[in-house]
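Labels A, B, C and D are assigned to the chains in the order they are written; within every chain, residues are numbered from 1.
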Amino acid sequence: MKVGVVTFPGTLDDRDAARAVTTGGATAISLWHKDADLKGVDAVILPGGFSYGDYLRCGAISRFAPVMEKIIDAAKGGMPLLGICNGFQVLCETHLLPGALTRNSELHFLCTDQKISIENTTTAWTSSFTQGQEIVIPLKNGEGAFMCDDETLAVLEGEGRIVARYVGENPNGSRNLIAGITNERGNIVGLMPHPEHAINTLTGPTADGLGFFTSVLNAMVK
Amino acid sequence: MAKIVVDVMLKPEILDPQGSAVSAALPRLGFTFAKSVRQGKRFEIEIEGEPTAAQLAEVEVAAEKLLANPVIETFVVRVEK
Amino acid sequence: MTLDTVTVAQSSPDQSQPFAELGLKPDEYARIKEILGRRPTSSELAMYSVMWSEHCSYKSSKVHLKQFGDKAVKTDALLVGIGENAGVVDVGQGYAVTFKIESHNHPSFIEPYQGAATGVGGIVRDILTMGARPIAVMDPLRFGPADAPDTRRVLPGIVAGVGGYGNCLGLANIGGEVVFDETYIGNPLVNALCVGVMKHSDIKLAKAAGAGNLVVLYGAKTGGDGIGGVSVLASETFDTTGSAKRPAVQVGDPFVEKVLIECSLEIFAEDLVIGIQDLGGAGLSCATSELASGGSGGMKVELDRVPLRDASLSPEEILMSESQERMCAIVEPSKIKRFLEICDKWDVTVTVIGEVTDGDRLEITWHGDLIVDVPPRTVAHDGPVYNRPLAKPEYVDRVNAEVINVPRPTTSDEIKATVLKLAAAPNLADKSWVTSQYDRYVQGNTIQSQPDDSGMVRIDEKTHLGVAIATDANANWSYLNPYEGAKLALAEAARNIATAGAKPLAVTNCLNFGSPEDPGVMWQFAESVRGLADGCLEMGLPVTGGNVSFYNQTGSVAILPTPVIGVLGVIDDVRTRTPMSFEEAGLDLYLLGETADDLAGSEWAYLHGQRGGQSPIADLQREMRLIDLLVAGRVNKVFTAAHDLSQGGLSASLTEMVLRHNVGADVTVENIGTALMSETPGRVIVAIDPSQTKTLGDLATKHQIVLTKLGTTGGDSLVINGANIPLTELRTAWTETFPKLFG
Amino acid sequence: MAKIVVDVMLKPEILDPQGSAVSAALPRLGFTFAKSVRQGKRFEIEIEGEPTAAQLAEVEVAAEKLLANPVIETFVVRVEK
């Protein structure tokens, strides 16, 4: 299985995402933001970082990259798509996922080992977990507070589209402790914390993040 | 040469931690005038010559598409002397 | 205003020039006239003034820094030594590592966020310039008292700036320091370290060779940033009420720098440059004159080709501008096409601004008129050298004679109160309010970061080769005895590497001092350099580079002498490192090294307003035996954990160890009134499985290090001589200090 | 209830990375109207009743002290209907 990892100018965690893909058992294919095709990949990851410096709004400029057009089409067709951190922000800017990510309530960048619970194990990226499983992976961002209107929140909650929630104190002011959400079909997931930085205990706090990258092996394009 | 200004503010129902931080800091510094503070963005766009109606319409489109995120923000376009 | 060309200068020899305002002394100005055989043009004057400033020419420090060369140890590990943008060290397996510290003190006081941010940006470009991929940063910081109102302005801004820039570049922050002292109140210290890695064959140097080769400027456009900043800020006593000079605030654009890094690495990978130089202090003046003097010939530059952000800039200002995120490369004509393509791929602005000539002059034109015609070496390397007067300050003997008089705990209640007071002291308290604003995970190779003794990064994912770095300064000891203080800082940094089991390999430094025109400060400086050079010679560690920052004072009060020493070590397999703490109960705790009554310059004395007494004398032979022991113990898997003792002594180190994984300890020590807070150097706490007892004893005997059993691990308290300190209480004391101070 | 607005912009000589990024993005999306873009902040301060001269003077002081960083920024205080 081939998983594309997109690099925008200013992307930082692309190598890490590729390493996690490989560790998970798939082949990582690097995609450049100006690419006009997806090189035959079966799934795509939009990794973390500061694409375009996070200027204007995080993800606001990257969403218009040429490669995004193809990704949006493929994802609408069911291709598994994971946005991590800055990638999640891009997904919200493209409106593939509802809501937006705004400034952390404490107003500074926060890097911490964060406990989250997996609340939906039916998505393309979370099938390796058990319902309610608590894991610890790094959270590191300045704008990670998930915001949306009450109606959208009710829909997300009602349809079980909250993929992961922060456990314990709210680290950034996210509504309903939301750490990650999915679309109706479950192929697109946006996640604020970084599973790719938790694939072994040598370089990460745990190996808990690996589940996201093994899950996608089971998800076929429908 | 003229200046078009786009003001972008968070929608009233969206939490504004930056505005709240300013609100909280003002009285600590002895300033008591503010009932509430919201913080937004201001874009100053310099254009060649006087702005036409068509141009202003284009700025509206650009604001909707790029400068503001309609999910959480509202914006106003105006010409400034 | 008419352009001051070389022709104009020749025909108006007596025109008065503002050399003094630019920071040049009358004899320096006379020397420039002598070199040129005429008065300089205003552009030439601009170049000489910035390049001959203290910051760029090291005119007050050069005579002392020579010792790093004279006393240097012979080592094959040093691939590039002092003089280039950064030193390069062989770490094995074909890898080379480059690392360096630089200061950005004065700009960070004026505008904390941007000052700190551009400090990080500058050191990262130095590392990149050597041909290396920057992989991690560290930030040794010094502030005024933690509760001073100005510290509340300066510290959050500086921390946000370090994080804002470093995080956006994708560089893991693997350590630093946060130290508070009154003397830094109008003059915080922002030192930034960057480390980069490359293959031996990738090393790049700053030289412009080969007539006809092109001079290429790429990166950000040039604006009015920090014009005059270098000479004004670094040459004259820092004075906020001074004349209305150009604003010296440079604003960084980390996104542009990130793109510049990736673009440059791609250019290096295709071997498209002959020489390269980043634009830092003194901007184009520095880059062109240094590149030209590094090569064999001369250089011609058409200054009007430089892309400008502000079209009103004069040629003098363009030459002096310190706009960030710019690089200057020497490229063969046959390779320029590919060079431009790569810049285009990354949307990086790039312009050919000149070429290398076979002459021996640096010639710069402005729309065809010659405005600079100088021998490049005279600008870059032949600046003035001062042997400034130095004199041991009056205070030294006086404070050395003082007797420390501090409370000495004996009862359980006193022991507990002492431990909690030290844990909560701003200099020793939990720094995660700071470090949680830094990305420590990016690039996926961070093995150790805060709160470990050293930062450690893996540089090869297959072989697990890694490097460790620690920075240390003990300004209190340097104040009492700058010679020993520098040696002790070196020893501490080396020890902080060795506790993890890495072998110290090379040294960098950032020497932060007051005004060199004060003979007492100059003496502190000279003694510190002598101490560091002697120490490095004795320990067999080469100094690969560094930075000097003078004029760190508020009014007439100089900062404490603050030589920040960085030591780089290598570890062949990061998986085998010794962690700083234990996760299980039932381990035995031992102290390696002897404890004396060393309270002079200690945190405990500082907390009681005492700054007198004699600093310890460094015993580097013993430090080296201890390092060997720690490395051997790591290789033979003797230790479960090892943690160094420094500020706050045994009390602080035990606090850090038990809180790391929330596993307590029960220890008993003799002479508690000294042992708890003494800061005798050369000590480490190790945790071992009881089965290792004999091996540890044999190691200690072999390396002649005194070994004392302290106690055992376990429980949910730290128990010292029967005084029970619940971990919850200890953690509260340790963690609440920063949030309380800074929100 | 009235609204006092404080517009904060970087001084013209200070680099504005955000504005530059927006400037560069606009033409990529087909918008060609902008000669240059600068991005600043907008604070909306709600006060009780109509603003007095004294209040506006106080806002000026607060802007100087807290809302803007006078080292690199300029600001304008005005009342908005």
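Annotations for the structure displayed:
Following the convention adopted for this analysis, a residue touches a chain if its C-beta (ideal position, glycine included) is under 8 Å from a C-beta of that chain, and two chains touch if they have at least 3 such contacts.
Just so it is clear, the structure is predicted and the values come from calculations on it, not from any experiment.
Counted by C-beta pairs in contact, the busier of C-D and A-D is C-D.
We define each chain's centre as the mean of its Cα atoms; on that basis chain B and chain C are separated by 41 Å. Distance between chain centres (mean CA atoms), chain C to chain D: 37 Å.
The centroid of the Cα atoms in chain A and the matching centroid in chain D are 34 Å apart.
Note on chain placement: the centre of chain A and the centre of chain B lie 29 Å apart, centres being C-alpha means.
Residues of chain B in contact with at least two other chains: 66-67.
Annotation for chain A: residues 52-53, 55-56, 61, 64 touch two or more other chains.
Touching two or more other chains at once are residues 253-256, 347 of chain C. A complete list of chain pairs in contact reads A-B, A-C, A-D, B-D, C-D.
Remark: chain A residues 9-10, 12-13, 15-16, 19, 49-50, 52-55, 108-112, 138, 140, 142, 194, 196-197, 202-204 touch chain C in the complex.
Those residues of chain A that touch chain B in the shared complex are 56-57, 60-61, 64, 92-93, 95, 98-100, 102-107, 145, 147-150, 173.
Considering their complex, residues 1, 4, 7-9, 19, 22, 25-26, 29, 31, 33-48, 55, 58-59, 61-62, 65-67 of chain D touch chain B.
Residues 52-53, 55-56, 61, 64 of chain A touch chain D in their complex.
Within the complex, the chain C residues that touch chain A are 160, 163-164, 167-170, 253-256, 258-259, 262, 346-347, 435-447, 458, 461, 574-575.
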